[in-house]
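Across the two complexes that follow, subunit A remains constant while its partner is subunit B and subsequently subunit C.
On to the complex of A and B.
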């Protein structure tokens, strides 16, 4: 039993790292574009399939394929942003938040269903990063999970460096604080919207490619991470990257322990998702800016 | 221009009355489903289009209505009409409660909160197999024992007329103005004396009770109730219907629902493409024709027939 809890905790941390990738993408998009991307889980799904086809069709080895998939998802997201989101920046459009909600919600339905046609309804599994397991006493973790977690930590570290130490990251931060002031100091905010949506999408795409050997790919794989990412960004505070990462680890860990400790194993996995959603509803009720939320990026 | 609306209304009334005699059982079925979706789309349009509350939990209330009616009828042996009434009351009450709990939220926060509500509900229905039959669904007794669907058709027609007519009266009254004032700017509305709290809750309760009503009809008509009614794809379908029809037009939402449902059925042989199509339709409408396709189309047509009134846009008509 203790071993089982240990394994679940390890799995929870791995999933937490991957959730963190998805959710930081969501939070970056939110803090720059001021929209909640309801199609984020579907971009994650598309990223997973990009990884799969880069491996199987182009013969790229699995680990570099993650980065190719991220680059493709980056371009794919920019295409979406240019095609569908530009009305958000037009001064003549009223109620932009509503437009953002509906257009991304429509996009999620569209992508999920066209994926069934393009990729087929059956789960696809790309080759493993590494065959084998890590065994420490009773703790068994597959190497795939370790690689996924390692890759995720690498990407998160890269993201934090990008946001805090590069000119582009500083410019993004400036736009998130005030669009007007940012444009006064010469930041082209439209380019920042493109960058933010592209980076946010690429992070989700990377998570999709990293998770593919563990859980397989399917067109509806984005549904659960979509709602889980909402839970994480609400807990962590919309707009806060560090809060999002902490919340993702906490959620991954607590959901897996919830499964391990719930006496009824048939109900555990499905109620684990409901548990996260329920916590999120409570946070929305009592502290709408989240636990680590930054006031200035709160939705108007 | 009012005369043209009345003429169309009268024509539609005659057409609706004799519709079952004109078509075969299959298209009658499609029409019944379309009208049921029309209630869902129109009530969502009241909540989102008029009151500005973007709820993605609407299908959750459909499930509340349906499952309440079905469970009361099967487990407690209550007569089905009583169960249906209870379903409507349950969804109205729950809708009011949800409207009350999310009073402090707006925009995307509200959308996420209501989506989570609907998801939690769906997960509970899927998981509690002993009570609800789980993902496989539960069978629901029939409401009518007739060889054809005629009774169902006239029942849903009556429900549609009463609910949409009722909503149109609400929208035309002072309440409709309050809803729109809240949508445009809550603070300004409150400053002008609109009781924002009360009318946000009322908007939720009305819309949810009608969603529940559609659910209580759906369960016995289809005969089997699955948690899929509360899925995000179903929500997407209803949103697409309301938006294609015109977000701020209740008749538009009805026309949108029936049009999309017929389109979906006509394309049945294309299988999965249908969902792609309505997703694309939703994206296209939002991107290029934010006021919808059907309602503005009708206003333009009316402008052609009666040019004198052409200067009055959709605002003057609703």
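On to the complex of A and C.
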């Protein structure tokens, strides 16, 4: 029994790291731009396809292709920010939160459908990072998952370093706390918005490229991770990167253990997503701002 | 000014006739001078040309057919797209041969996205706005169940293609026909194979929706009747990670020796690869069956790789050994145009167009009751064999069902094997190998 629980927990943590990668991108975008990016799942999907085509068309090896995909998704996200979100910074838009929701929701529908035309409707799968499994006693984890989790940890560590130890990261932190104060000390808010959206998108794209050998790519692959990312971001606390990471690990772990230990095994997978939402509701009842959240500040 | 001056100014003669009137008058005078025999011959010739004028006017107006199916998420858009292509090919071929009743056919496509509400709206649009004379298509049973209420309300015949729920024809609506297989036929066949192959403990996992639950019920009944132990599981249709579930299945005691998956969504491929990588199935100890159509999709091998060797699935097209000239021509044309083998669902869509056209041709009418009668009396050979539709209500799902819908169980034994070349293990009269089941290697 202990072996069984350990195996489930190990897989849950692996999945949690991948959730964290997607969700931290969403958190960064929200904490800086103060908008909910409903197209985040589709940016994750686009990143996955970037990775696939970088491997198949340019011959880049799978793991380096993740970083190329991240760079491409970064540029793609900046393009979206410049093209669609700059009205948010203008005083002419009164209800900025509503604008953000509508524009990103429309973008998500557009990207999902245009992907069918561009990439085709059939699932695609890039080559594995590493063929084979890690087997330790009863524990079996595919090497692809280990590489994806390792890559995810690397990226998250890089993100934390970037946010805390670099000038750009500290500038982002400053803008997330107070745009006006940041402006006073000479930080260009609009440039930070662009950077935040780019970094958030790049993280999602990196997650897509890491996950592709495991789950395959399809135009609709962003739907479920998008929902899970929202749950994680709310659970961890809107705007808190560390809260998001912890919430992602908790969610990955708890969903896996829920499926593993639910007395009725026939229904576990059907209700796993609902279980995550249930956890979120419970936490919000006692802690409305999430585990590590700050009081919500709207973009003005 | 005198009357004469007025007439001349307006171009009219003394009788008030303009140029046309004068011409007609001159023609009438000439005719009056013709012998009676010549007059009668001229009259007969004129009467003979009258239908041509009418036919030319009607030929310009196409006969509209409405196609419904998923072309975008969350529906099965991959299969929907192939079905749409096939329907378009059929329309092009029919029009190249002159259409039907001297009129071209035009297919109008509606994306139902795999959602019943969209299906209802699509059917309403096609019938009320576009005035289609018949409809065809669909890939999701839940959507078909919504669409059939609309066609029943407006009395428009529909030929459902790749929808397997028995409830669709069981309701007995005269407008509803189905040219694909149905769960009572398909899962009974698969269940019988599982029993014949000697499996002793089956894990039966289905997607948590109408199609999954309906199919599972039939398979479970066959296993129960034959006293084969099994356990039932469900999974979210949108899920892609099944690690926890598969680990749980693997830990069950006694161990499962067969994993039957009824799952037609994008998560089917990860389920197969995760099952293989976790050492559950396919292995020398546990077989695996993927039902729902993904086993014969164009990107099957790209997505599952080695995990597909030893996997079983159904094929709802004719086995290669039974291909007729139409099947061969269609497969060649489809592959040439779309660079992929057509799955059985594409053949269903292609044949559906022809079936409706044949019904119109045989009755000489596009009226709904005429088309319905034409389908009920249809005896037409398509890419999937001879089409006839049952008019019996026993069992209830047999009504307007293509009872001879082909379906075989195949088992891949090589990487990147075409579904057309994979060994057929069941039903035995169509089997291409002597064994019922080939145990996969480790």
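Quick note on the criterion: the second predicted complex is superposed on the first by the 279 of 300 C-alpha atoms of A that agree within 3 Å, B and C clash if a C-alpha of one lies under 4 Å from a C-alpha of the other, contacts with A are read in each partner's own complex, and residues count from 1 in each chain.
Keep in mind that, in the parts below, a residue touches a chain if its C-beta (ideal position, glycine included) is under 8 Å from a C-beta of that chain, and two chains touch if they have at least 3 such contacts.
Being a predicted model, the structure only gives us computed values, none of them experimental.
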Looking at the superposed three-chain arrangement on subunit A, would you call subunit B and subunit C a clash or a fit?
clash
A:223 in the overlay: touching subunit B, subunit C, both, or neither? Say first, second, both or neither.
both
For A:267, using the defined touch cut-off, is the partner it touches subunit B, subunit C, both, or neither? Pick first, second, both or neither.
both
Name the contact category of A:99: first (subunit B only), second (subunit C only), both, or neither.
first
Which partner does A:107 reach: the first (subunit B), the second (subunit C), both, or neither?
first
Using the touch definition from the top, say if A:140 reaches subunit B (first), subunit C (second), both or neither.
second
A:235 in the overlay: touching subunit B, subunit C, both, or neither? Say first, second, both or neither.
neither
Applying the touch criterion given at the start, work out whether A:84 contacts subunit B, subunit C, both or neither, answering first, second, both or neither.
first
Have a look at where A:284 lands relative to subunit B and subunit C in the superposition and call it first, second, both or neither.
first
Touching A:116, do we find subunit B (first), subunit C (second), both, or neither?
both
So which subunit C segment collides with subunit B once the two are superposed: 2-10, 20-28, 128-136 or 218-226?
128-136
With the touch criterion stated at the top, can you tell me which subunit A residues are shared between the subunit B interface and the subunit C interface?
112-113, 116, 223, 267, 270, 273
Subunit B contacts subunit A in the complex at 48, 52, 54, 56, 101-102, 104-109, 111-113, 115-117, 119-120, 123-124, 126-127, 232-233, 236, 239-240, 243, 272-273, 275-276, 278-280, 282-283, 286-287, 290
Can you check the complex and tell me which residues of subunit A touch subunit B?
35-36, 38, 83-84, 87, 93, 95, 97-103, 105-114, 116-117, 223, 227, 230-231, 234, 267, 270-271, 273-274, 277-278, 280-281, 284-285, 288, 299-300
Seen from subunit C, its contact residues with subunit A in the complex are 71-74, 77-78, 80-81, 208, 231-236, 238-245, 247-248, 251-252, 266-267, 269-270, 273-274, 277-279, 297-299, 302-303, 305
Residues of subunit A touching subunit C in their complex?
4, 7-8, 11-12, 15, 112-113, 116, 121-125, 133, 140, 142, 214-216, 218-221, 223-224, 255-257, 259-260, 265-270, 272-273
